[in-house]
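In the two assemblies presented below, subunit A is common to both, partnered first by subunit B and then by subunit C.
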Partner chain A sequence: MLKMTHISKVFRTDVVETHALRDFSLHVAEGEFVTVTGPSGCGKTTFLNIAGLLETASGGQYLLDGEDVSSLNDFQRARMRNQKIGFIFQSFNLMPDLNLFDNVDVPLRYRGVNAAERKVRVERALDAVGLLSRKKHLPAQLSGGQQQRVAIARALVGEPRFLLADEPTGNLDSNTAEGVMELLHEINNNGTTIIMVTHDVVLASRSARNIQILDGRIIDDRRAQPKAA
Partner chain B sequence: MEFGPILRSLLRNKLGVLLIALQIAFTMTVTVNAVYIIDQRSERMARPSGLDEANIFHLSSVGYGNNFNESVVSTEDLALIKALPGVLDATVMNAIPVSGSGSSTGVGLEPDRPETSVQTAMYTADENVLNTLGLNLVAGRPFTSNDVRRGARDMDRTQSTAILTTALAERIFPGEGMQAIGRTIYNPGGGAIEIVGLVERLQTPWAESSFIEQSMIIPEVVNDGSTLYMVRTAPGERDRLMMEVEELLAAQGHERILRNNRSFEETRENSYRLDSVMATILYVVIGTLMFITAMGIVGLAVFSINRRRKQIGTRRALGATRPAILRYFLLENLLISGSGVVLGALLTLAFNMFLVQTFDMPRIDWFYAPVGMLVLIILGQLAALAPAAKASGIAPAMATRSV
Partner chain C sequence: MFFYYVRLALLSYRRNPVLSSLMVLAVAVGIGAYMVIFTMNYYMGGDPIPQKSEQLHHIQFDYGNPDIPNFEPPPQLTWLDATAMLEQTTAYPRTATSKFVAIIEPPGNEVRPFFVNGRGNSADFFSMFDVPFKYGSGWDRSADVNRDLVVVLSDELNERLFGGRDSTGETLVMHGMNFTVTGVMDRWQPAPKFYDVNNGSFDPVEEAYIPWELIISQELNRSGSTNCWQAPEGTGLQAFLNAECAWIQFWVELPDADARSDYSMLVDNYVAEQRSLGRMRMPVEQRLFNVNEWMIEQEVHPDETRILGALAGMLLAVCLLNTVGLLLSKFLGKAGEIGVRQALGAHRGSLFIQHLIEAGVIGAIGGVLGIGVAALGLEGIKVLIGSLMITEWMRLDLTVMALTIALAIVSTIIAGLYPIWRACNINPSVHLKSQ
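== the complex of A and B ==
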């Protein structure tokens, strides 16, 4: 599914050179739920950005779904993000001026799906997160947890194979976070591969696989024992 | 296309959008009506006077001494002027076309009913007037020296000949103006005037007059103390001859002063000076308004893009290509400009109705509003282009930045 080999990422400014990722190699198989932990500034978001084609690596090789993405241009990367990847952000990143329906609709419009099908899929996605009845509401009229559920609906509406989440529960209280986590596990159980960055060690300890990053390097890659049914 | 969401999103930010749309509407209203006024004015300015404008100049001679004999001097002067190489012809007249001053009278078919008479400019000149002014005789004959009456201001005018413009003849004889040769018309005072010729065109002395094409020339030389010479030269000789003629006449040593030595073009230009000054002012107003509006559009676009950097990054993350972001902001601008110009079209027509009613101008042609709408929409798109291009360069990684 995702295969990174010797990936590095350097940010250069006039003053400093930051090595955000160094010799970063990772393989994630289809259907996995991987959590990523590490101290602030260790490179978690950078890893996610490269994995999600939001940024390009400075070196190394990255195969997504078997395809070497380093040769893709900006336009092709946008298409690939739209078709294969769903994003969930810490601060939800909903469009404040659009109602829930229009928010969830955004990726489908960029995919050029026709209006009738978009309506069916948007409503199904909103229904899946329990917010269909509020489709005409604006994000500001919702609680944080509800907004994140809308963002999840938006990430899922295009049925991506691959879901990337950057601290999705970081702005939520623990009860609400619990609900969001349940939703993500449910999505994972339906076959979607998930990589989730988190600060929360408790949440991380519950996932099947946890990666720890320090200073741009993987220092621990731990798989939990398969849960007894 | 994202027409619906952009529109709904704009409707949630009404104030800024409304202000720019109003500004666009106002700019369009002022621009279209100003262009319309300029067009009207330049159409007026472009009307031909009927004269060979480029090759004519005039010069006045005013006597003061007791020994000054106007009749003798003017005959001498004309002979001297005509003898100069490069001079095609010369005459004495009472007024200069389109100069702002001259005399008018009424003429009609019945001597005792001045209320039925038609208004006309009245020029007096000697028999060389057609050739000197370069007028185009379309019917009848030119004046001969026998036609020309000479004398003081109060000479007998019971019987006279005249050359009319076709426009005047058509007013007096509706539908049969061209058959006016040989017919007699009357001055309010009772003088009978036989029409001997028709010229295609000769404007009155007043650019603003409502009867600008209605003129009549009477073959008459009046000695009233001041003589106006009109001189026609070969092409390219005018400016040289203006100086030579004045020097030559001054050298004769008569007790008179020579003044107002000007080309016809300059005199005509002076008459329309207000029109051209107004056109310049209106162009400056239009340019300034357009510039301010364009800056307003740029400002609104830059502001709304900076406010939405994270949103734009998020859109990119969700699959928007660069062209899609560019299109988004151009489309947004199109919607704003579109509502502005629709409102602008209504305001334009309302303002034009006001102009028509207040200043008695003709109604605006239908195509002014659509052309104005198009121009402002293009202006809007051009103004939005740079900010939109900048927005499309916002990195997708902006979506995950924690600020």
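== the complex of A and C ==
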């Protein structure tokens, strides 16, 4: 589903050249839950941004659903993001002026879905995260955990095959984080592929596959042993 | 998506009300000031009689005197030439016209005698210039020939003398003579007052209209500009009439190019005849001017309004430059939201359109406020120059109001192009992490 081969990413300024990713190769199959760990500055977020088509790689090949994304223009990349990828951020990134319904509605607007269908799908997504009754509320009226649930609803409303989460529990207390993780596992169990960047090794250890990055390279790619029946 | 973007623009306004209001204010002041001057230019430079401006022609003779350096041909005609042109046998409507002042003695003792500004003109004047009538009509050509004591009143004078009732057939005493009212004009105020730009292009129209020949035959007091370049030989009225003194405007209605050519030939023949008598010694290029040509020739549009227009344009540019800065601040402040929208599937084109519409909404609100600024500005101008010229034509009609809003929207969108381009080219990943 996601296949990166010898991906590199170099950030250049007038005086310095930073290699964020080097010879980075990874294959993620459909339905996997992959956590990505590593120290700050190791390239986790750069990997996630390239995977989410928010940045382009400096070299290598990236196939998403079998399609080489390096040849896509801005419009095509945006369409692919909209249709195949959902994002969850550490700081939720909800739009403060829009109520919950309108926040969740955004991806469907860009997809050109008609109003009646949008209403059904947005309400279903909010219902799935237990916040339908608060659809008219503004994000500021919710707790951090609730805001992250809205962000998850927004990521899922377009039914993407692929969910990218960048430290989704980083701003939450442990109890709330636990609830969010349960929700993500539930989503994964329903077939959505998830790649989650995290600093939390305990959370990472609970995923079926954990990748460790250091200095822009994968230094460990460990799959959990299936539990004995 | 258009209405969605408009809604987002209004929400964005509410999020930064001070910054957004500053932009609206900058646009309103710039557009308002510009539209004040635009309105003045629009009306001053407008066609005062669009339905006939191509047909109505003013005659100008070059009374050039080679002995006088830089002699400018006067815009008016002498009595000799005006009379001669009236006597030419043509089918084309024509009028000689000039101003007079006279004392009117109202009936009874309730209203004291008062001065009126009047105009002597030929019978064709009213139909040529599409003068609207409330009651009655003008007079016919026989009244010109017979020098009948007939008068057409303005609506205001009729109100003053007869309480606004239909006064046709009634008499009034003017200059000590009994004039019969043939008609009462409806409200009429061409701007500029094209038929006589020599005596105040934006003055009010006259209050009483009588056959032109009566000014001389009844020795009424002429008023308006008189340009003499050769002293009268002798004294008295007849000496003045025979002198090279121009004080009469002369208009002829020529329905098409053939008529203009035909009448030009007539004028050329007249000039040739006069040159054989030792007059009009300078060669001329053009003697017939239609209304708009005449407005340009006589520089009716004051230079001051052009200078003011340039100044207002500069003020608008300064306001828009401020708006560029404010929009840059506003849109770059939305980098986080722009990044999120990109992550959720917005491409740069749709973000560009969203923010163009946001700039347009700011422009529209600024335009509406600009109408208020322009209205206030025009009222101020009226107070300043109201004693010098008639200013009732200075108003914001629907066309000007629509133009104000359209100009505000377009200007703000243009001002927003660079800030929008900058905002839409940010790297979304940077802002997604730091939001």
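By our rule, the second predicted complex is superposed on the first by the 227 of 229 C-alpha atoms of A that agree within 3 Å, B and C clash if a C-alpha of one lies under 4 Å from a C-alpha of the other, contacts with A are read in each partner's own complex, and residues count from 1 in each chain.
Assume contacts are C-beta pairs under 8 Å (C-beta built on N, C-alpha and C of every residue); 3 or more make two chains touch, one makes a residue touch a chain.
Keep in mind that this is a model prediction, so the values were computed, not measured.
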Practice task
Examine A:Val10 and indicate which partner it touches, taking first as subunit B and second as subunit C; both and neither are also allowed.
Solution key: neither
Exercise for the section: Considering only touches as defined above, state whether A:Asn99 meets subunit B (first), subunit C (second), both or neither. Expected result: first
Practice task
Determine, under the contact definition given at the top, whether A:Leu63 touches first (subunit B), second (subunit C), both, or neither.
Solution key: neither
Practice task
Examine A:Asp74 and indicate which partner it touches, taking first as subunit B and second as subunit C; both and neither are also allowed.
Solution key: both
Practice task
Answer with first, second, both or neither: which of subunit B and subunit C does A:Ala208 touch in the superposed model?
Solution key: neither
Fill in the blank from the handout: Both partners, subunit B and subunit C, contact subunit A at residues 45, 49, 52, 54-55, 74-75, 78-79, 81-83, 87, 89-91, 93, 95, 97-98, 106-107, 109-111, 154, 158, 166
Fill in the blank from the handout: Per the touch rule above, subunit C residues touching subunit A in the complex are 1, 4, 11-12, 14-15, 336-337, 339-350, 427-429, 432-433, 435
Completion exercise
Per the touch rule, the subunit A residues reaching subunit C in their complex are 45, 49, 52, 54-55, 74-75, 77-79, 81-83, 87, 89-91, 93, 95-98, 106-107, 109-111, 154, 158, 166
Handout entry: Residue ranges of subunit B in contact with subunit A within the complex
Key = 2, 4-5, 8-9, 12-13, 310-311, 314-324, 395-397, 399-400, 402
Exercise for the section: Spell out the residues on subunit A that touch subunit B in their complex, using ranges where they run on. Expected result: 45, 48-49, 52-55, 74-75, 78-79, 81-83, 87, 89-91, 93, 95, 97-99, 102, 105-107, 109-111, 138, 154, 158, 166
